[in-house]
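See structure below.
For clarity, chains are labelled A, B, C and D in written order, and residue numbers in each chain start from 1.
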């Protein structure tokens, strides 16, 4: 048994930590202040472009992909701890070209894209020149049940025609967002998991319209954002379909494993940050003759946070290690476990950090806790709600007892 | 034993419900939309003034005060259920001239104000012509421990001089807000609970400055808002002190009982609304072949919400009844109990309602759940954080075992 | 609104409290010690018979029945608080002839029994001369779903013939237990709720056999106990059927309301006792320089216990008041609510009391906490498990939204 | 990163699993039945002696000690998973000579014992010929605070004289138990952690008296048991002191790390067993048209159990790995973390297993769930209550923020 990262992983982690400490964290507050001061916040501030260039130059770029060609050849279990580190900041993931949903979309293209699709979309994504979105969830149906999906991607001769309405299309507000992966029903008569297709849609295609951006607890998370997008008779050549018609579910399945590990590890980084804020505030203020951190049930809260984080991290690392050694099929239950456990854990810790901060805790202008809370809250719904993942864990558990 | 309201209470409740249903609820969405469309939202829209006038004309006005002269002669236990009803709406309390912190401030003036203070401030407050604020919490110290308070209200000849910085001064953004009650240290050498004074401060007094308004989960709650207010050598005649120097704690104590009952009952109304939204959404959408409301652990969530609400309501009614029959000293533990129980309960139910709504649940533009969440979250800190109230409940419990 | 008991209720409660304090509590420990010292503990010790006689002589007898003929004319809401008082002791309920399942069985006989049944069984039960059992739950099926019931009560000419196996037949070990109410399937083709019958079975009828007594966390709860009972071709005259064939569900329904209020109120008395023990232990021992009751999160535990108890009591009183004023059909949701809430609450508080007691808490010989725990744990399963009651609460809640 | 055991560990684990499956599990029920049938249960049944001999012959003996001389040279992280396996059975640990408190006592002797002490006590313990007890907790004081300890081990010339009363001396009822390690105050004036000594006390020394055995939820856990032991002027040569006077705390500290890992891993095995029972029962019974395992919130319960167990196991393995690679000082926080997390987790899962079993769940005669519950409940108090461990985790966490 060995809980250490690989040597390469340790090297990269050390460099990412240094970059975070020296380049990102010092500018973060100013960045948010500057962005907040703008009339139009759907922009990429120069500091981000500069930091991206610097990170790229140092090879801290596309760290997520476990391969030397596209990524840095890091194992999932190595990258996990790096993703955690970047999760302490809201801007770090983009700077290392490791932010959702681009990482997942790039993985889809690497594994399933045609040469032409790779040339057109993967290359600029890997270069950080464009951004992408993923359009799956729909406003009119309970999308936790993917078979509810109503949007269509029908074949018409040499073309595929998209219709439907999607929301929570994350990142679609970004000025560099040029393409979306759209999932829709192609053949209702095919076997259940062969009915849907994934289609690459340039956002300037006629019929694609961003209806509005969605606020999350009052925040639009500019310049990324979550959009409501309608697709009305959007016509594309059949070559825009990824891996051919009917393979949507297969691709979705493969996309999930590493993506959820990344999400969860970033959330653990966020939880560490919330715990750090909680302790610093708790140490710096006194009430009833003691620092708040030592008052009443607060040490229990701190201990429980530490214990939850440690356990969640280990579970995610185990999951990443299974992905590394056995692939997605060997990690199915673990992938659902971390997705069910960690966003809820983050929400709990942030909520407690807010409480220990007192009034300041709920003010967006004074502490990043409301932003962390919104992040946690969304994560309990995004990529499958907690309920769906718990149900999956239970189903796989019961399956162990069948002959 | 009788769990029915008094006849008078039932009559008023019926009328309030009708007013809510016919006058307030139908215009609420349009009101919020109109307000949101404005550049400056720190205004009173005409519809509010009209509804206030209508409510006043029907005698649905100042319902909170248990006396015929100033209020409608309703018992606390009667008003409790009316406050619950108004808690289902964010605008209803002001329309009935029953919103915090004005109700508490009016009570202070009724019980402790001089004739001149009543004439100057109580009269227009009762008439709904002006609004008021309450300035107690301070940004620099853990204000859960009131002895931490740093602001001063020093006597200088015939004057009282205020210095300090307050925040979470609720309602101070309202254009009609004309006066604040300020609490500060007057005599550090007096016995612990005789050191502080409460002072009426016209907001246009030189030295009073609203530094900024505080966002709560991104929302400023216009036109009420929560302000950071600095007081710099604010000079007022000694007659501005309520009930004389050194009586701040005594007044605060008396202010709390009914105020907390009102807060808690409004929060119960909010919880009912969240439960209603949860069920309606849960009934209207299907996943995995069933309405979401009947899926997996969701019926447990609905049952637990109903059971928590019922119990919380009964505890608050008991508390109100104790206030009616024995006064604040007979209800001390109950007042802390409801304040410790109900905001947390509301937060839990709203959080679950969000989850059952799916993505829509976190979008401020689609459902009022984020607003309800922010309301709950603030209430767990306002008027004493949960921890302080639990500590008080425990202290009073242990006291029962002393000889 | 009035949270006071009726005058009659207050009078009885005062007398019961005095009797508890002067007669029962002083002998309780010696009683348990003596019983424990016996080879055969399935006996009624003389002190119990004496105390029964004394209670009966003082009119503190059959307090549970809200009628002057059979009981003392107390309202359910009055008796609730008396039941709470008796719940502080494991022997008190029998002494006042108010223990389950006899109270429920007597109510069944009062409401549904024939004159002959009343003469034969109700009279001696009311006199406290015999005891009874209730045989419904079955070992072979999930009895939470009553339609699973396999036992039969088939009509054969003038006779009814019972077959089946029951368990958790509470009280059947008592030496005075002479009769059981047996529930079985009579007509599988009748409408769902007309299929079962309730039959009065003298325990000495051929074919009735107590197979074994069930330990609950190691305790047999002598001399009451819970039995596994088999019925093999037990033949009785048709007149042994209560209210005629097919009325089993109807009777069961009516039996539940008051019975559950009694159970829940006794459990609240038990919770008060656990809280009292917790505080006394917590006050009497020091660790790390403070009484344990004031250490770390313990005040929160004490406060939460007090808050849970208060809320649970009020909910039960409201339920009892609904039974008094509207009958069982007006209290259906409340009856399920208290049954879902209170046993779990009791378990939680007892568990925390154990923790605060340290090692002593788990020793049956040192504190009554393990006995209280077993009582709570069983109550979460008896009379319908928590899950069934929560499901009922949810079902009734959803029904409010149907047209 | 590597989550696999060492090759040696895998080999031993495979053999232990086979032994469990082929030798222990098949006889377990009969063993318990036979023991229960005896008048005197404080005996070692022949089957145990036979299985011990067989395990010893196969080298499955003293697996716990990470050294080739005394043990099998297994790493803590290897043995952890073996301890988990043995934790599925109440008799397995003794059969492999790996049961508490003997393992901890042997470790103390190995690390701190004199040659003579090793010869006299360690040798027969390693051979499984005798058993031992550990006497630290005291009935009169809150022993969670070790400085409360009142028992004394005073030096009188060449002798050490013991006085005091201990309880929860686990294993002292075993007929082979020949020696206890007693902890007492030697020098009240020494620095805080140099005041106490550990002394080896042959149980037949004059002045040692087992006052009574303690029931835990009605069970005495024969033939091990927990005793109340008084020491009255017990005189022993100074050579009975382990490592010399004043080193009690130092020894206690060193004893804790591996001991707690063993306890926690066995508890995880117990949790796996409870989960297995829960699922088997849940799969085998139907209610309301579905297997109970799939009903309502039960899949969530199963999923949560699986997720808790996985996380707890990983945390314990990490802790064991830290002990292997950095020693106790590198694992202090982890040792407290697992002790705070796992017993509570086990209790929760067992409680839920009971609920899913219905009535049968609380009957000791029908399922081992009450025994598992008692085991969990005791473990939340033994070896430091949850509260002390959480406090330690918090203290170490806060320490990270000090300069």
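Brief remarks on what is shown
As a convention for this text, a contact is a pair of C-beta atoms (placed from the backbone, for glycine too) under 8 Å apart; a residue touches a chain by one contact, two chains touch by 3 or more.
Here the structure is a predicted model, which means the values were calculated and not measured.
Contact with subunit C and subunit D alike is made by A, B. A count of contacting C-beta pairs for B-D and for A-D identifies A-D as the more extensively joined pair.
A straight line joining the Cα centres of subunit A and subunit B is 38 Å long. Separating the centre of subunit B from that of subunit D, both taken as means of CA atoms, is a distance of 53 Å.
The centroid of the Cα atoms in subunit A and the matching centroid in subunit D are 43 Å apart.
Counting partner chains per residue, subunit D shows two or more touched chains at residues 296-297, 299-300, 387, 391.
Those residues of subunit B lying in contact with subunit D across their complex are 296-297, 299-300. The touching residues of subunit D, counted against subunit A in their complex, run 1-6, 75, 77-78, 279-280, 283, 293-294, 299-300, 302-304, 306-307, 310-312, 314-315, 317-318, 321, 333-334, 337, 340-341, 387, 390-391, 393-395, 397-398, 401.
Those residues of subunit B that touch subunit A in the complex are listed here as 137, 139, 141-145, 148, 167-168, 212, 214-219, 285-288, 292, 295-298, 351, 354-355, 358-366, 370, 373-374, 377-378, 380-382, 385-387, 391.
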